[in-house]
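Each in structure tokens, the structures are laid out below.
Here chain A shows up in two complexes: once beside chain B, once beside chain C.
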Partner chain A sequence: MFKNYFKIAIAVLKRRKFFTFISLFGISFTLTILIVLTAFMEVLLSPAYPDVNRNRELFINSLELTNKDGSYMMKGRASFYFVNNFVSKMKTPEKLTMHSSRSTTNAYPNDRKLSVDLMYSDLAFWDVYQFKFLEGKPFNAQQLKNAEQVVVISEDMVHKYFGEGVPAVGKEVEVNNLKYRVIGVVKTVPSTLIYIHSDIYLPYTLAANTLKGTSLTGGYVVTLLAHSSADLPAIQEEYQQLLKKVPHPEKYHDLLSSYADTYLESFTRDVLGRSGSSGRDRFFLLMATVIFIFLLLPTVNLMNINVSRIMERSSEIGVRKAFGASSRTLVGQFLVENMILTVLGGCIGLILSLLIISILNSSGIIANLSLKINFTVLCYSLLACLVFGLISGVYPAWRMSKLNVVTALKANN
Partner chain B sequence: MIQLKNIEKVYRTDTVETQALNNINLRVAKGEFLSIMGPSGCGKSTLLNIMGLLDAPSKGDILIDAQQTLSLNDRKLANFRNSKIGFIFQSYHLINDLQVVDNVELPLLYRNSSAKERRMLATEALEKVGLSNRIHHFPTQLSGGQKQRVAIARAIVGRPEIILADEPTGNLDSAMGNEIMNILLELNRVEGTTIVMVTHDPNMAQRTHRLLRLFDGSQVQ
Partner chain C sequence: MLKHLFKLIWNKKKENFLLISEILISFMVIFAVFTLLVYNYQNYKQPAGFDAEDVWAVDLGVMNISKHKDSASVVHENLRNVMKDLPQVKSISFSNGNVPFADNYISMGLTYKKKEIYPDVYSVEDGYKDVLRLTLVSGRWFSPEDNGREKSTIILNEEAKQQLFGSGNAIGKTITQYDDKMKVIGVVQNIKGQSDFKVATAGAYQRIDTGRIRGMSQMLVRLMPGMDAAFEGKMYKLIASTIKSTNLEIKHLVDMKAEKNKETTIPMIIFFIVAGFLIINVALGIFGVLWYNINKRRAEIGLRRAIGATATSVSMQLLGEALVIATFSLIIGSFFAVQFPLLKVFDLPASVYLQAQFLAILFIYLLVVICALYPGKQAASIYPAVALHEE
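Up next is the complex of A and B:
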């Protein structure tokens, strides 16, 4: 019976090539977008080199100072003063590291203008994040203390500054009219790791201006590494307790709020967080809504095409009913046919996704991007195919099965 | 075999009510070949559709093999049609996307029969109508007479006790029409299949056991 359905499905697809193209295009295009987007999300949110411990990390991304009536607000990253005097005293994390936000500046090797990213960090940065050193090593405590002009640079920076395959350790790089000695080269961090991607990593003591003052806000992000993911709530609680003890020297601010968030929450709080909530649930709801709408469009399109195809096939429906097909059997047949169409669209979508992902990975539009379709993404895509097939097929199939036999037989006469 | 009691069929729209069949009482015996004649629009096809359980009467009862059929649900009705009745239509109603043999197999798809068995029975049915050399052709590659023979093969493949034929020779020239008629007569004679045939052709009707005439939805003899 399925062979017969399959033959019919293929014949129907061949018969109306334009409709078939529209249907397949709708399904495959939507799936391609979904697959590529989920691959992006995967890259953004999953643990990846060198941030391999993300499941047991929390991030202090920002501090917010407000007054009680909410009319005055100041928001920013943590200051060195705040990290050094308060956060560093925390007991529950296994380790914590402080590093600056990335800043972009220019270097001029051989009179070429080169845009480079800088990041200042402490020693623990090299423990918390598992960098792969291709040459040399990170700066040590002495170099940090003495604010020595030393840097760790990325492999990409070596290529851009010195040329491909040239040993860099011991050489100098000049940035902002200052010369730094290269003491280590690390495998480049993908730019999708927003907090830690950089071309040059410097000891934070070289950013002398950030070390002064008693302002709570500054330019540092803190990563708290727990012994295990089970410890994360305890760390969050300790951080909240800690905040209560922080004096607020700022004249206009009497409320200090900040959160030790998981990686995803550290982003969602900024955009979607409301009155203490991390915005994570809103984010998932928003994503689900967008995906739903995105899936709905080709589904409705396919449903519409299917309904119009019913009249074309009414003679066949009449014949099948006359010779013993029940309404339920016909619904089954039509759903199988629709599933064949959607699975075909899914396969095309998958191939297109592989192609687009490969182009994106190799194009360099996003530096060091390594998108891939993993098993989870594949499963979700196949599930999306099934949902497509079922939703777009059920209503037309039901309408088809309800056709009166005599009317159906007359329709094509 | 088939018994129609006080059958009425009324088509209603918002403004018009049309009496298509009026108080039809009919018995068709097992193994009988009955033809139905009458002018266009007199209700012949409607009567045949009601007999074949493709359409429901507005009033009356239909008994097939002494079984009440109007109370059957969709699934049972489908099974009943599948096992008892074969249809032949004036315009063949073959599925152009399927090969001849797949078209003939169609009624067997809705039974518990294996693919091998279906293929065997379909090939046998095609041999009976003299089309065993066309099994892998598509309907569009056949002449009108050949299409109707495929339709007959499809009607008989499940070995139904009843065949209902709605103007089976209506679209064919007289030579082809005669060929089809011969096949139907042979089926009736050799297999004992009960046949009810709607026709406009008195010559064809003359060759059947009995003739029922309809006029404006009523039996006239």
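Up next is the complex of A and C:
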């Protein structure tokens, strides 16, 4: 039976080529946008080089100090003092690491101008994040302790500073008017890893002025690595307990709040979070609304075309009804036909999105972007495809099934 | 005639329901597109108020200076002298972090006769006006005659002056910040210091006094035209060896502006591409549906032709019907669109919405006319004899 439906569907598609083109255009374009969007979300949120353990990581992104009535607020990254004296004493995480926020400076090799990102990190940074070393190795405990002028740089930085394919270990880079010895070269981190992408990684002991003082806010981001993702709530709980013991005696600093968040939450809390909630649910709601509105127009359009197509076949429907086909059979047939159309459109959409993704990846609008269509993305787009086909098919099919046999046959004229 | 068309559509409202809702949604999308376009274009049209060409912003980074106040001002003074000795440097001014196109904002409350505003506050030196080539509207800029009374003079931009004094004169008036009294000595033209697409906000300029110079983290430098990276590298080393800081950074205001403009243009381009495809999609859909509907009515059209209707009047009727359908959608759509300025949904002036609404209506009518033209023409070419014979 399905084979028959399939044959009929193909015949119908061939008969009205213009309508087929419009439908396919709408479906494939809509799905292309959805797939590219999903690929973007995927590359932003899922574990990727070198942050392969993201599913069992928590991030301490900021601290907030407020007074009682909320008229004073100070917000910033964690300070070295806070990390070293409090956070590093936590027992539940397997490992924890801190690195500074990125800062930018210039370098001028051979009278060319380079804009260079710097990041200071500790030793555990190289354990928690699985960097791939193309040359050399990270700095060791001795080098960190002695504040040696050594750096790990990215492959991109080697290209920009020394030239393509030149071995860099042992050479010197000059930034901040200081000379640093290169001890390692890592595969470049894409800029979609918002916390840790950088050109140069230095031992934190070189940022001497951040190590002094007892202010709680400073310039460091902390990553807590759990033994397993099941431990995450326990770590969050321990962190909240720890915050209660941190002294903050300064004037106006009445309340201290901070959260150990999963990767997504550490961003949504800033933008959408309200009074302690992470804003993740609001984020998903927002995304769903945007996608719904975006899908509305192509769906209505497809429905509209489908109605026309079905009414055109009223004589066929009339005959089938007259010979005893039930409304349900007819609706089923039409839905199957519409599904075939949407799946066809989906395939074209997939090819289009592959094209767009390769263009985006090579265009360099976002440095080192590596969008991919993986299994998850494929599943989501297939699901979107089916939902799309179902919604746009149901209403026309329902209208068709209500056709009166006599009118339908007469329309044959 | 028009009444008749409305009646025809109204009688078939059930059949046309989907088409009407489709045009309605398209109208809302187009309305959003034009609102963005009109708003950004209006802002883009405003004069920049300053000249970013050949101006470099030097972020002084983290300076290792002792807590003693004098040593700080010594470092800044040394730097100033070193820079002045360079023949390529035309003028310089130290500044707070909020130089043009940086993502830093500093504001404070200013009060005049119980009216309080919160303008962006820029800490500047006498050279600032020459560095950015600001235009003075009235009064005067800071000069050495303000020495020793830095706290008591202030310069406003036109927007801040408008908010505080309306159309009245501001020069010589005294405004207060908490307990400090300040005399307005000048009004300068607004500057678009965030990007070409962001409207100028209220701003006030204060002269940097010697006690506060240690807090100044930026230096703006105007250079001779055509300075290259070699010179920039030399200047970088000179500054770095003078002030001994880490994370020193030199940026060109022109590059910073281009970067900030991208924050508006890239999302806009993506949005336009998506909206453009949606509209093509819809246009094809409308075209297909009209074409089908007209084909279905061959008999009716044939009859009209047989009793003497001209080809033009037939295609005009079909075009008219399409326009009436569009009008139905636009009436409903306009009802929603009017809510935006009425309820002040986003903080945009009402004129933007009204212009966008007008353009969107025009666009939809144009779209419908284009979509209906070919099917209408096709219908007009129906031979009455053939059409009636089919019946």
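Here is the rule we go by: the second predicted complex is superposed on the first by the 390 of 413 C-alpha atoms of A that agree within 3 Å, B and C clash if a C-alpha of one lies under 4 Å from a C-alpha of the other, contacts with A are read in each partner's own complex, and residues count from 1 in each chain.
We adopt the following convention: a contact is a pair of C-beta atoms (placed from the backbone, for glycine too) under 8 Å apart; a residue touches a chain by one contact, two chains touch by 3 or more.
These numbers were taken from a predicted model, which means no experiment stands behind them.
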**Request:** Report for A:Glu64: first if it touches chain B alone, second if chain C alone, otherwise both or neither.
**Result:** neither
**Asked** Is A:Lys321 in contact with chain B, with chain C, with both, or with neither (first, second, both, neither)?
**Response** first
**Message:** Applying the document's definition of touch, where does A:Glu94 land relative to chain B and chain C: first, second, both, or neither?
**Reply:** neither
**Message:** In the overlaid three-chain picture, which partner chain does A:Met303 touch, first (chain B) or second (chain C), both, or neither?
**Reply:** second
**When both partners are placed on the shared chain, which of chain B and chain C touches more of chain A** = C
**Message:** Per the definitions at the top, what is the overlap between the chain A residues touching chain B and those touching chain C?
**Reply:** 413
**Prompt:** Where on chain A is chain C touching in the complex?
**Reply:** 18-19, 21-22, 25-26, 29-30, 33, 103-106, 108, 111-113, 115, 118, 176-178, 207, 209, 294, 296-298, 300-305, 307-308, 311-312, 365, 413
**Message:** Using the touch definition from the top, list the residues of chain B that touch chain A in their complex.
**Reply:** 49, 52, 54-55, 74-75, 77-79, 81-83, 86-87, 89, 91, 93-95, 97-98, 102, 105-107, 109-111, 115, 154, 158
**Request:** Show which residues of chain C lie in contact with chain A when the two form their complex.
**Result:** 18-19, 21-22, 25-26, 29, 61-62, 64, 228-230, 232-233, 236-237, 240-241, 246-250, 266, 274, 277-278, 280-282, 284-285, 287-289, 292-293, 296, 299, 390-391
**Item:** In the complex with chain B, residue positions of chain A that touch it
**Value:** 1, 3-4, 7-8, 11-12, 15, 315-316, 318-329, 404-406, 409, 413
